[in-house]
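Two complexes are shown next, each including chain A; its partner changes from chain B in the first to chain C in the second.
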Partner chain A sequence: MSDIIQKVKNLSIGFKSKKGEEILILKNISTKIKKGETVGIVGESGSGKSTLALAMMGYVKHGLYTIGGECEFNSSNLLNMKSKDLEKIRGRKIAMIPQNAGQALTPNLKIGYQIDEALQLHSDLSEKEREKKISELLNKVRLPSPETIALRYPHELSGGQQQRVAVAMALAGTPDLLLLDEPTTGLDVTTQAHVLELLNFIAKDTGTSMVYVSHDLGAIAQVSDRIIVMYSGEIVLEGPSRDILKRPIHPYTHGLLKSIPKLSLAGLPESMPGSQPQPGIIQSGCSFFDRCNFSEDKCKNNSPQLEFLKELNTSVRCFNYEKLLKESQFNQNVNKIKNNSNDKEILNLSEVSISYAKQKLLDQIFNRISDDNPTVKDININIKKGETIALVGESGSGKSTILKSIAGLLRTKDGLIRFDENRNLSSDLKERNPNDLRIIQLIFQNPDESLNPNHTVEEIIAQPLKLYFGLKGEELNKNIIDLLQKVRLGEFYMSRYPRQLSGGEKQRVAVARAFAAKPDIILCDEVTSALDVSVQAAVLNLLQQLKEDFGTTYIFVSHDLAVVRAISDRVAVLYQGRLCEVGPSNDVYKFPSHPYTEVLLGAVLEPDPDIKPKLVAEDIVEEKPPEKGCSFQGRCSRIVGDICKKEIPPWQLTDSGNAIRCHIPIKELQKEQF
Partner chain B sequence: MLFLIIKRILLGFITLFIVSLITFVGTEILPGDACTTYLERQAFGEQLEACYRRLGLNVPAYERYVSWAVNAIQGDFGYSLSGEMPIKEVLGPRIKNSLVLASAAIFIGIPIALILGIVTALWRDKLPDVAISTVTIFAMTIPEFISATLLILIIAIWLEWLPGIVIVPTDVSFLELLPNIILPVIAIAMIMTAHMARMVRSSVIQVMASEYVQMAILKGVPYWKMVFKHVLPNALLPAINVVALTIAWLLGGVVVTEVVFNYPGLGRLVIESISNRDLPTVQALAIILASIYVSINLLADLMTLMLNPRLKTLQIRK
Partner chain C sequence: MKVNSIYKEEKKSAFQKVSEVIITMASRPSGFIGLSILVFHIILAFISPYIAPYDFKAINPTLMLQAPSAEYWFGTDDLGRDVFTRTILGGRTALTITFFGSLIALLWGGLLGIFCGLVGGKIDDIVMRIVDAFLSIPWILAMLLIVSLLGTSTEVLIPALGFFYGKGIVRVARAATHDVIAKDFIVSARARGHSNFSIIWNEIIPNVRDAILVEGAMRWSWMLLGFSSLSFLGFGVSPPTPDWGLMISNARGLMSFAYWAVIAPIVGLSSLIIGINLTADAFAKALGIDRSTKAPV
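Then we have the complex of A and B:
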């Protein structure tokens, strides 16, 4: 058949373990990519999706090897091709857009050279023509002033720009097939939406086939015609994109979609228990058996085969897909969160400014910070006992900086941070007493880095208990077991080291450690970003449960607006270290009023092909907040005039209690909702 | 950029000043002084007086430091007690000899180290890597006094191809020196090359595993072009500092090797001056060795700065 561009046949890839056993990363994969179509490959980390994409270029990572099967491109198998011949296909016929363009561009070579290299290899253009082509390509990916960009080194560009360069480089060879490995992961929401829109445009414009690999069903939903769902090295579901997202007939996909928080739904999604089996663990039955809600006895000992359902044009690997087929409509249930905040104020930030400016000698002597345009400025927030307040914004918005100051890791330049109305916490760690330290605990983004790899779980949790309460012996032990149970980990975890735990388990240990100090406030810094979607829901549910049990206050920082929607009572939107809007989550999400909130929420990708992101503003990267006027003036599409550039906008209050900082009158702001 | 260079040079001078102070204070607080230590039991009467006069020890310490420092900057380190002549004249030929030995080792050792390192990395876990790595690890672990002694035994005594130890006057001409340095150079180069080859190997392997090299492969860049354009410039950057330290170590005198081969270089001078209790010479040597380390590291840092676009643009922007 001529309309098939890539054919994967019974592909198995694996590695040899230290014991000499063969461990499979990909198990007998077969699929076809048609001309002009975009196929999304989705799966959690470790599902083998990247390995599959790389194999489609005839590339197998060091340490892995092909056990069997073929990857056919134009009827020749890439996996046993000589490197000479592969060089002629890679970049010219099949091109790759990598996950992390910042890492994938060679640091010592200029952008222009790296694109030129692809042109030299894959076209017969003369030097003059190539120069022109480079500008054209950079233009096509919508980079400003291509001539100057070409002379830059990779590190001089922002993340979004680097990703665009990678796209330009891939397009240089005018490939027939583009492989995209998580191309927007790690980018800001707005940038992500813009890059995806660009990719969609290119797919239509050039008719290139695309294979889009991602863990993010939201991104996949926006680009793909067909979706392949992978689990534990196998294809478990393959079919038209819309059908899979609207009516998932494999239990794994079903659970996955249920566990993703949505912008339109307040409340916590259901979590999927357990985690994906590690490669090498041999199971006699279905690999999803442990986590499946639809399993039967036969699933335990018999592995289901991938079955093609003609009427649905879908392949599914499940004995019980019919049960799911009968469920007429896919519905997501969420547990509404209880707002158990009371009116008592627990933390108050007034006029807080934070600066990263280097202290000059004179300032060091007088122990002051002089910076007219600090990174974070004029932050006024009242935090009530028992509430969850979320700080949202793109990278560089100062949300983590504010957390650091509250934790005492960074001192404030001006302003007051007060705890419980009278205790001053504006100073940094050194000047705080042990009790001040105890009442505020942090949970970090990446538990791999925040847990000491040489300590057992017992030692990790024991530390705050010994430090703050002087517990020892029997009592200490009892407390540790108690805490472990609170985060749903058994007693036997005590003797384990972090490396013996999965990502979700590690984060639970980090949560237990934070609660060990019996804090009043817990600062959550992107606590779920390093976790897989199914695990994320479980951790969010756990945090909510613990909060209700202990009456703790959360300050929650996340770039994921849907997660924030799920867990927070109130939201504060930040841009360039200045507050734009503060208000109850329900109002902010239902009626985004500030122009920046509109931009931010509009760019969120939902795992639903019918909800398209709205791109309101350009995704320019501003390095510094503007000297005067509104912080958002550089990107705002609704500037009213000179006043935005000259004067800091006033706070305006809505009826529902939203505070918005904008020059546009509140009535008008509320009118233009989407 | 210029500001940075000036800053680094100034810092270098401050380091040297501190080193000179420490050595000066060190020699001051040791019991006795240069003359009593040197003369030992003859340290009395007319002889001691003469010595004091010649070294100028009869003025206060700070004055002595200032005049010593002023002279040292002009290249005059005073008078060697054991050599019975100005230290300048003692040092001259020694520095020359050490330079000859070091440059020979550098010119032979560094290219070989680079090639071995790159070859082992590119053929990682294959036969060339296994063979070369075994040899380099072996060469690294044998201490130089053993390898040097073995070299003397086999090549000088059994085979009688080359002189075993260097019995030449200190100020011998270069051509006469040449056959004498072959064995010491082999002894030094073995250990140095092995170290550096391992370093280069791990650095190249690290870069080969990077995402940008994978990207280059997936872009269809031919293997050798990828190695030279994408791998080596990034892999060898961190090697510059290691090479610099090695050069400094070589110039500073490879004490053990020089002693084993009786080679008249700086390293042996250090040992001799210490055992002769010749404090002024020890002081002078400390300063010279410190300057070598400081200046070579400075050069290495500047080179890294020039070659690493990340650092370069960062500095220019500032």
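Then we have the complex of A and C:
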């Protein structure tokens, strides 16, 4: 028996456009998956990575068709197999964990029952054996007390636990090959690290081959033996994981790795220009030509072939890879950000609490909010003009909630929000005057949702200009063009609709709209997390540039600690709506830190095979903040005893001006746990 | 950087957009057939008074129940009236009344639906309960009651039909608004301080318009059937004005020996309903709305 489990040969998949042209999504892909190997397929959205993974289980999405080539599994081509035969392979020999698999569990069936169904379908075990197998599987994916978990419904599990159940179901048929499509995207940082660690363990334990598809090089780096980099439907680089990450010899991968912010480097990484071409743009020459820093004239009209370099065991599609090969070491440069904050206070939050609780009638009548355990409590932050302050924390930690209150979309329960030392902004939208609304603008996570799909770019940017400044005609037009230029978009973008823009371009339009109001403060809610890695750095650089030009203050919410490290002057760490630590970024990222900050920092996935995540606390999710004591008591691995459960910890100041809220003395916190 | 050709799309005028939708509709066989039937009926409704060969109310006892012939293409009915004349004229009232009825249904159903979707909460709940309660009343009984109290004039029929057929539109408009309302561009508009009116007009309507229009087109064909049923029961158009429902009801007793008198109006009515249905379906597809889920495909 050969040790090759899946062989993809000259595979091309495409669709027919409205005009009848054949448009290729995958262009002549050939690769092999060995037994027991974990292969990471990485690429930005639209590069064809999911299409390739699906083809590996003999599935071609509706609307697409195979143009040529084969996917051989155990020496039979899956792509021309009868569906009856395919059924015997799928689930049993090849299993797939799709994106958001955890959320795709049937909501009204118990976990145990769903796994049992999978077992009945994919194995020949008797009822007794299946029962044993269920708890075995749940044990294997490291769910606590498998017997009780089996009796729960999906909604009674956290996102990470659901994902584990999905893994358990995929393992039900003891597959030889496991395909995972973005299995940790959308999970929290800490959960993500735990799930990846589990997958690593399973790969070693069962010897299952895995194909791991992701846009996230950080995640890929943690699990893969080998990495395939895809760009625009082609494999551009393929080789051993370590080599690819440490010495990327394709310009795309090189640029990509340079543009990803790292924890160890404060400052903004270099950005890669442009964006991936849409499929079907008939181009001769290298598909990366537009964005390449190493391009030559010949790249324009000649397409490079995938070349196998024996000594490196790597394949690369580039005429000039030797230039990169000669570069002895891969170095990342970052531009230190200028801290142009001055001492003038621009926004002050004092003792702010926010509640989502339904109000009782009596309270409604007296127009007050009563809730002893509000979602967000006791927030004290003093924001200086021109600084970038970041709010970090896991999903549900109240980051967006605080932004909403500052924007006036949500009433605060208690406390004061003050602008410019004297203007009270504790009220909601209805009570704010137009100028109060103008000075604070929002940029959202997903530009697909934040731009009206039926408005042109011109109409989108015109809205604040008309509303706040009453601009019309020629002047309005001039202002729009001006703003577009500021976000590096040409005038011809004015007549386009959001669907005709790439992700990065859409986000630029959203940025332009925010700046159109000439605001003092911009609230950025996860503004880069919906973007492809290669355009993330460009948007961050743009935001920084605009800030320096206009002296705007940013409140920057993100779950990505490396991004926060890159752009922020100060960081505030939140857990369950309570502040844990506030301080200058440089200090927050160094010891001593709050036990929760430590957990967050440990879970960051870096695209470096030498930096492994450190898993400190469990990845359990708490529904509600505790009523008394420290908000982090439920997960804290350093908990010092009763005092943490009873008393709210005091703020302690470190030498560098970092404030940490914990019962453990600063000196003790200084000691690293791991 | 090279500009991708897919992105090179110019802003289109409203006229261009409409003609594009119509061309897309007509490029599918079912859409083409539907559109042709509908256009044929509409043209017929306009020109029939000028091309009708006979007087529609001319009674001629000597010509009772004549079979189709070169002179009387579709034969004559029990009063000796020309069936062809009455058939081509018989769709006019139904088409006109239901067209305006649909407009009214679209207007109140669409606006109430958007309103409910926008305000949400208690008010939304209460309004939807009431709409549901109305949905459960057999509409034909209610219509009969209204018509017998207020008469069968156009001024009564149009708003009454419009009211009853608007309920379904309320649900569609509300659901579509709910989908839009959660989007960040609405939050963004709110945070900027736009008025409710501006939010409805600029942000919501452009996004729910298509779904509501498609629903309105479907309601039109149902309303046509409903209206014809009323006529059939004698509560719609009053004789001697020719009307398909009325003609079917008059001639159905004579089916066994004068089939022509009943077949012609049946073909007229059903072809129009099929035409509207096919058109509405093609319209939905051209706009990218899957009617089974009411969501963009």
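Here is the rule we use: the second predicted complex is superposed on the first by the 662 of 674 C-alpha atoms of A that agree within 3 Å, B and C clash if a C-alpha of one lies under 4 Å from a C-alpha of the other, contacts with A are read in each partner's own complex, and residues count from 1 in each chain.
Following the convention adopted for this analysis, contacts are C-beta pairs under 8 Å (C-beta built on N, C-alpha and C of every residue); 3 or more make two chains touch, one makes a residue touch a chain.
For clarity, every value in this text was computed on a predicted model and none was experimentally measured.
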Fit-or-clash call for chain B and chain C when the two complexes are aligned on chain A: clash
Check the residue A:Asn108 against both partner chains and state whether it touches chain B (first), chain C (second), both, or neither. first
Now for A:Ser450: first (chain B), second (chain C), both, or neither, which partner does it touch? second
Looking at A:Pro273 after the superposition, I want to know if it touches chain B, chain C, both of them or none. Which is it: first, second, both, neither? second
Pick one for A:Arg432: touches chain B only (first), chain C only (second), both, or neither. second
With both complexes overlaid on chain A, does A:Thr148 touch chain B (first), chain C (second), both or neither? neither
Scan A:Asp290 for contacts with chain B and chain C and give back first, second, both or neither. second
Contact-wise, after the overlay, does A:Leu442 reach chain B, chain C, both or neither (first, second, both, neither)? second
Chain B-touching residues of chain A, taken from the complex the two chains share: 54, 57, 59, 61-62, 83, 86-92, 95-96, 98-100, 103-109, 117-118, 121-122, 153, 155-156, 166, 169, 173
Within the complex, which stretch of chain A touches chain C? 273-274, 277-278, 280-281, 283, 290-291, 407-409, 429, 432, 434, 437-438, 440-442, 444-446, 449-456, 463-464, 467-468, 495-497, 500-501, 513, 517
Report the residues of chain B in contact with chain A in the complex, numbered from low to high. 209-223, 229-230, 233-234, 237, 307-310, 313
For chain C, which residues count as touching chain A in their complex? 1-2, 4-7, 9-11, 183-185, 187-194, 202-203, 206-207
